[in-house]
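These notes are about the structure you will find just below.
Going by the order they are written in, the chains are A, B, C and D; count residues from 1 in each one.
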Amino acid sequence: MYDIIFEADTPAGRWFDIGLLVAILASVLFVALETLPELHKPSGKDTLAALSTAEWFLTFLFTIEYGLRLLCSRHPLRYAFSFWGIIDLLSVLPSYLTLIAGSGSRSLLTLRSIRLLRVFRVLKLWRMMNEADELAFAVWNARNKIVVFLAVVLVAVTISGALMYHVETLMFDVDKTSGVNEASQFTSIPQAMYWAIVTMTTVGYGDIVPKTSIGKLISALLILLGYSLIIVPSGFVSAELIGLKTDTSRHQEQHACPVCEVSIHLKDAQYCHRCGAPLR
Amino acid sequence: MYDIIFEADTPAGRWFDIGLLVAILASVLFVALETLPELHKPSGKDTLAALSTAEWFLTFLFTIEYGLRLLCSRHPLRYAFSFWGIIDLLSVLPSYLTLIAGSGSRSLLTLRSIRLLRVFRVLKLWRMMNEADELAFAVWNARNKIVVFLAVVLVAVTISGALMYHVETLMFDVDKTSGVNEASQFTSIPQAMYWAIVTMTTVGYGDIVPKTSIGKLISALLILLGYSLIIVPSGFVSAELIGLKTDTSRHQEQHACPVCEVSIHLKDAQYCHRCGAPLR
Amino acid sequence: MYDIIFEADTPAGRWFDIGLLVAILASVLFVALETLPELHKPSGKDTLAALSTAEWFLTFLFTIEYGLRLLCSRHPLRYAFSFWGIIDLLSVLPSYLTLIAGSGSRSLLTLRSIRLLRVFRVLKLWRMMNEADELAFAVWNARNKIVVFLAVVLVAVTISGALMYHVETLMFDVDKTSGVNEASQFTSIPQAMYWAIVTMTTVGYGDIVPKTSIGKLISALLILLGYSLIIVPSGFVSAELIGLKTDTSRHQEQHACPVCEVSIHLKDAQYCHRCGAPLR
Amino acid sequence: MYDIIFEADTPAGRWFDIGLLVAILASVLFVALETLPELHKPSGKDTLAALSTAEWFLTFLFTIEYGLRLLCSRHPLRYAFSFWGIIDLLSVLPSYLTLIAGSGSRSLLTLRSIRLLRVFRVLKLWRMMNEADELAFAVWNARNKIVVFLAVVLVAVTISGALMYHVETLMFDVDKTSGVNEASQFTSIPQAMYWAIVTMTTVGYGDIVPKTSIGKLISALLILLGYSLIIVPSGFVSAELIGLKTDTSRHQEQHACPVCEVSIHLKDAQYCHRCGAPLR
């Protein structure tokens, strides 16, 4: 039993993993589909009922899985309070909570919020990715760079947001004489900072855009500056990752030469490239 | 004959390749132009007829090419069922199918779908790119990273989509009192997930944008988080490619071992890493 | 006293730093919130007054900090005219200036501009980031590349802006016959250059888009060209950073030479490259 | 004379270069400003006249510069037909052509086109950038990768454009019943290909967006696929540049060790790190 659930190497464990993967994806899909407005019209009643049934079936499966994991674990309590234990619990609890919360008629909003929590089941996917650890490790290693990156972005966003707010609200009276008659969309600094974030990350929705000539000029300069500024920290994170990757690929699989103690060899080397001594 | 079609080194083969390239590009252009609404007005009848004639001429050429390839191939059957054989067949079949399908009057939609299949001719371009193999190899090598990347994006998109759906539909009643009177564009979780994908990849159409203050705040945080998150896996893929490139460039400049003829060595190698013979 | 303010290693210094960080973030938040239009309605009066009080309290704190720094510094004058001295002064001065400027009734605009200057307090954050120096150093090292990058962008933006302006205003008469009846949005070359910058950096607001077929064709080609063009200089900056990083990581893991104490060596070095003494 | 114009090392040459830089930037600015619609109203007459005068003054300067370059050059004819010679000629010719073309009253459009050609003066900037050669060299080295990149984009754009055109026009009848009543914006394959380019490069104007549910689903998948696909070739170009950079930085400034002939040393090495022999 333990083998099937916790090990992915046995055939049974592999099938268990694939089944779990399908169940997670289906479950998240059902939660998402349930919110489609088409299904809340009278014509969508049957589909909604079918979704609800399927959902309860999957919740039942996840409950069994959670029970089995608790049962099989050598330290059930430690598992229950571990990261994965909480995720597993969170993926079944909301469904049962809706039964309780649903009894009160006024708690429709709370009910809906709880139902949405089921979406966190998608985190169970994470456990299946072996490479995710490497990724998490890389992010963890680059955490200082990411904090610096976010701080740089914060400084840039605050200053350019305040500047654009000032320019767009100030210059509007000047420009009105020359044909611009829409209201400025930079209504406050927080709004302007939202614009700056959307712009500097090159998302560029276009819901807030400069309307005045001077606003366009400054915004074009800010875009160029922001773009130059943002590639530097991204380059830093890339460099961190590439350094990590290079180090890992070079070191992990190699032993030191027994004669000259050079530790860097090609992965399939059989003789030391410095002194010619056999490596293994 | 074989030389002309399959080898690009002879002058005739080179001319054949260039001719084929022009034919493919022209053919795809014609298929695309045929759908222009201007040509389906009475005034565009002549142009449409000319396009159709040119199209049939190119189909005829591709049919000959397919026949010759079948004829010249040492294993005609193996070619017919190979990837390129199927692409070559797919690039002529739809045109002939329209003749059959066109006879039924109700099958206009099917007819149009089949005609569009001709666009797959563009895949014939792929065969001409020598570097494409290297690219395909790099993508293949990075396939694990890409799957992890897609899984990370899926998790991020699901959670942020559900969050934004909840915030925007919930907060709308609160914000309505303070001047926002447009309907929320986050009508369902799938819609919100579509928004999250469009946002996190920094495409940012702007057809769906947060309208409430709290929605803008959360969306700005999600953009920054998503941006930080997305550069890490892209950096990983880049690192993979750069590692590959570095490995390749390190290997390429080396001489073969005089004994075992292995040609890949570390740059400062003095002994062959396979057989231990001195390299120089 | 000196230790607390200028050193981050002692516990007191650490607490001082954390307090300062919170004060800076809160202060910038207050300045931003003050501009929300909701607070300038009668119902927001109380919140506005609270924000103003909190703001004055923080200004008072920053004034004390500035005074202490002046007092503790070994060379008060040098500090006062240093970069950080000016930033520290700028973060308190605007608040006091509003008291003076506020007396004249016509200077509302000036008053507002001065109040916005307080946003520069966010620059005080910079001092706390140890990694920021490394980043600033990298940007400084890459300054030539960034200038070249900006010059390339300027050339590309000017030429493609002029081209699109010409095409969109010229072709409009031709296309009008085929159903396009909106006015061209490329009203002048500066406007078209703003479009080109927004497009080439992949921000893509969508406030200015080509309307004619030929304009769309040329703009699609320009996007591809611009995209190819822009990744080359970004790659350059990345390469610069990765080179820097690689150099650093290569050096860091080495021991000092026992004779001349130079600590930076190639990883496989056997003799000191400065004095020739054997390293190990 | 020759020194001043062609050499940047002498003080006079440096001043000449700075003057030329300012003249080029001013000239391009004037050409751009001339097209502002505000200046073509009666109130802008004076500014327009001033711009025209300034423009003629700069044209006069560029003419002198062209004449001097022709005069000073050792091979005037070779200069006249060189790349820079043609650029220099192109930067003065259009202004004179407007005098001739202006006489005919119907040639207003031609006149305007010719006037716009003056914008190519910005190319004169290129000559001043020493680093531009390195950049051009890198682009030239990466030309194969860029062609592959463009071919991959072409294939992806064609297929996804045809797919989205089919889905959006076909599915519209199905979706109309469920509340979508705007017309599809994917009116033809070329239009859909324009959408695909704008989307895959993450520009994302938002002037053309999918309206149907199935269109949004497919477009979200295409965005993810396109994003994964596009970072691979960009990574390739980056890798090329990084390889170039690494090679250059490592090799150019180093000599081989006179004893053991190892050619790779730290830049400031004074002794060989392999055998300890003095390097210089």
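In this text, contacts are C-beta pairs under 8 Å (C-beta built on N, C-alpha and C of every residue); 3 or more make two chains touch, one makes a residue touch a chain.
Computed from a predicted structure; not experimentally measured.
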* Greatest Cα-centroid separation from chain A: which chain? -> D
* **Same-site or different-site touching of chain A by its copy chain C, using the half cut** => different
* Selected interface, A-D versus A-B, where C-beta contact pairs are more numerous -> A-B
* To do: Please pick, from B-C, A-D or B-D, the pair whose interface repeats that of C-D, with more than half of the contact pairs identical by residue number.
  => B-D
* Express in whole angstrom the distance between the two chain centres, defined as the mean CA positions of chain A and chain B. => 25
* How many angstrom lie between the CA centroids of chain A and chain D, rounded to a whole number? -> 35
* Hunt down the residues of chain B that sit against at least two other chains at once, touch-wise. => 190, 193, 202-206, 234, 238, 240, 242, 246, 268
* **chain B residues within the chain D interface of the complex** => 28, 31-37, 109, 112-113, 116, 119-120, 122-123, 125-126, 129, 131-132, 135, 138-139, 142, 146, 149-150, 153, 190-191, 193-194, 197-198, 201-207, 234, 237-238, 240-242, 244-246, 249, 268
* In their complex, what parts of chain B are in touch with chain C? -> 38, 178-179, 202-206, 268
* What does chain A use to touch chain C in their complex? -> 144-145, 148, 151-152, 154-155, 158-159, 161-162, 165-166, 170, 187-190, 193, 199, 202-206, 209, 213, 216-217, 219-220, 223-224, 227-228, 231-236, 238-240, 242-243, 246-247, 262, 264
